[in-house]
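Okay, so here's the structure we're looking at.
Letters are used for the chains, namely A, B, C and D, taken in the order the chains are written, and counting of residues starts over at 1 for each.
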């Protein structure tokens, strides 16, 4: 977790070669900033380098924004993708929902209590079921109709809201519509879904019924980045729960809700603290 | 667990109707035997009744064998499948192995220490890798050749051993051969496998590689009854382990071993204490 | 879980003797009610019998209320403590809180969504921190002052509210005041607390700091019945979470919140579905 | 895990100051060695710096032994405690046991299969119960008498064996004798115990009975470094298992065995891969 004394987070990925830790650490040290946490991993299989740093700039010789500026030169020389995030910071986030509100209620609490550094700009629903929960929390609820108009049109209205609110993170908090490829691409790496099964088991509809029919002894839920390939995006976090023969589909659904909201909240947490780096269809997650 | 004072276990399944608990309990009570644990479940979806009783017969008016005999009449009248098991009892068990010995070593320890009430009659291997582990433990190792002769012939040799040793339980403790349908049927409900994935995810070969490629955050293993439908038999027990991006396929394999032996030992335990009732492709498990 | 077809739950405890399952099951069967789940356990150490039944009375020859009435005679003859609960039923519940709202928000959601069959009659706080959460949910918030008046007087005001609202369950949802013995006794077996440690480790104040100082690798929380002996009441449910060296006290506090609300919700669930029987300083919990 | 391409591990602890990551990384880079994993943590509370590196020296300009030699100068300048470990390496380990062999059997398998990089030099027992398990595995068993001679004398005999066998790690694998302070000090940071409770709960004798009496819903086990303060040494790893009211002390003991061996094996793994740094009465564990 970014603490009061870790005001800057840097994540970097690039082709691996000797001396990269040294180069990055030298850069930080040259401005007298202090590395509080440094986690790095070199993937020998693919020859890639991944790192995440928490940095205390309170005694640095330049402001954090300058540190970021100067890093571009180094980054280019090592062919890196990189991101600085300065805290305190709240990620502008829109939640998309349908009927069930368990994830929604949980995320609103975590956002409003300050536990999760997100600002919920609004909640978008294709049904009205969640409206009361949203409005009672003092938030804006947008209803978008997905039945009386073409879905494509509905999704354009969603996009308009996301654009207008300058959203940096879209969370599908049990949103029961399949996102079109163009919207997935527009928010690539910035759209997170919670799937109510232990992926890749039980892809598709009614995973709890599938799980019941198969007689599994553990159910799960999966938080992943959304790609145009349904339920196949990079996995950020999974949670599981033990079940027994006397639990019917309704029980699995109920027990699964706790898994879903835990996995989703943790996944968002990892995202907003820049603990994730997408690497093809896998996610590197510097878990805490 | 069957304790010193629970010398008899009865499991029953039949079509559900009111009064079944009463009928079964009356039968036990009429001979002054004491029910120490009674767990019953009526599956409303399929109209089935499942029960498991642990019974103390120390003060009963008839011996346990007579209790069993007399139950046949009641069982017929309620159209039940049923099984009595009197303890102390050790289930004659044969283990089938290939190269890896982690499950094997674990099961030998549990059997020889008395933790698991099984008698390992012998260990059958299609390779020689496990021979030393077996023989050091004072057990018989049968090597069956699966390469220089037709597999069908090899499986007949396996069957001969199982028959000769009057085996009641066959455990595939990481046996890397696909059992023929006729052998699955011969030991239906008496053959248990450990699959090294969280079924139904990653059916088939190299599940740890599949898991790595998919980037899952939790791996698992599945203990199930063997049917002729590969990896699709009734699940008895599953275990999971959290993994991270820096774990490669070798790491997953290593971490998975602990899941595998835990799930297999627990699954066998449930079986030999008559905690399982097969119901189609699901297993009712009165877990402890 | 009590389902639509399990409209009646019976729990019974008494001295053990042969034939008790039979007697109870006969009683239910004699009115053509169907036992859907029967879980019984005889404690050999103390010679006690504990049972819990879920009963479908839809085809019974007498209404559920009559079933309950008639059971008294049998119960007396076996010297039993017993309780019938007919569903649908919502337990009238008052929540007591101080500053933190994570359990509160969670319980309100579970109650209002119908997941947990409780009716929150009101929320009582010794501070104003939770007032907004409560009032936004459309519930009544009572502020009781614990600083400007003697605590004894404050607790009497609490009791007046509980009495006036005919509360059957009092939940200390992170209420930071020590309950007086007389109030514990007035709600014996009806008052549930969540303690923010894995009891009996870290009794008393600041358990997360204690845990940090001791360097444990797993933290936990404990849901228990309140007795006058602080943090020593019968444990209903515990939850744990893995922690690491880089987690400071604030992190443990944050991670512990998820454990706390999970353990508390599960503990309340067990209580209101009559899955708990208090046996001295232990709780028998027919867990699901 | 140290992989084939991570042949060198370095752990370092020292007072924190800006630039430490840079200094260490520069040192490694200056010899063209590649940092494969770098995990670092600065403890803001105590102003301490902890780091662990996995290094690939296959293309380095100097051999690993030289890298180690040269580090002394840098280490002195930053006032560091440090340790290099070059792989492949097997830590010479002696196991101390009494009656139960579950941890022993598990560790022997892990050592002999190569899963755990330890060489078991011998097993020392104060009883004869484990002798057969040891000798069947082809290992030496030393029986030391703790009853017919003063304990102090018995411990001196233990020490003689440890010295003669040049043991670098002493594992108390359910050794039921309290180690004298002088022996704890002689092997400070090199002696690991498994305690059969979730410390700090249930310190002392019969923890499973204590757990049963308290009615906890989760039991655990704790792997820790041994200090002269009984059960209070730095915790390396803990494992837990869920229990229910029908589990008696024998059940807890049985279920606890699986926790014990899992926690002990993991704790030893962390130690021999230099993932642990002792910091007062806490252990920094770079867990994997």
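In the analysis below, a residue touches a chain if its C-beta (ideal position, glycine included) is under 8 Å from a C-beta of that chain, and two chains touch if they have at least 3 such contacts.
Bear in mind the structure is a predicted one, so any value in this text is a computation, not a measurement.
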* Structure fact -> Under the touch definition above, the chains in contact with both chain C and chain D are A, B
* To do: Specify the chain most distant from chain D by Cα centroid.
  => C
* Structure fact -> Per the C-alpha means, the centres of chain B and chain D lie apart by a whole-Å value of 35
* **Cα-centroid distance, chain A relative to chain B, in whole angstrom** => 41
* Structure fact -> Among all residues of chain A, those touching at least two other chains are 3, 37, 41, 44, 244, 246, 248
* Structure fact -> Per the touch rule, the chain B residues reaching chain C in their complex are 3, 5, 16-23, 25-26, 28-29, 32-42, 44, 51, 59
* Which of the residues in chain D end up touching chain C in this complex? -> 41, 44-45, 50, 198-202, 213-218, 220, 234-238, 240, 244-246, 248, 281-285, 287
* To do: State the interface residues of chain D toward chain B in the complex, per the touch definition above.
  => 1, 3, 37, 101-102, 105-106, 109, 113, 115, 136-138, 244, 246-248, 250-251, 254, 257-258, 262, 288
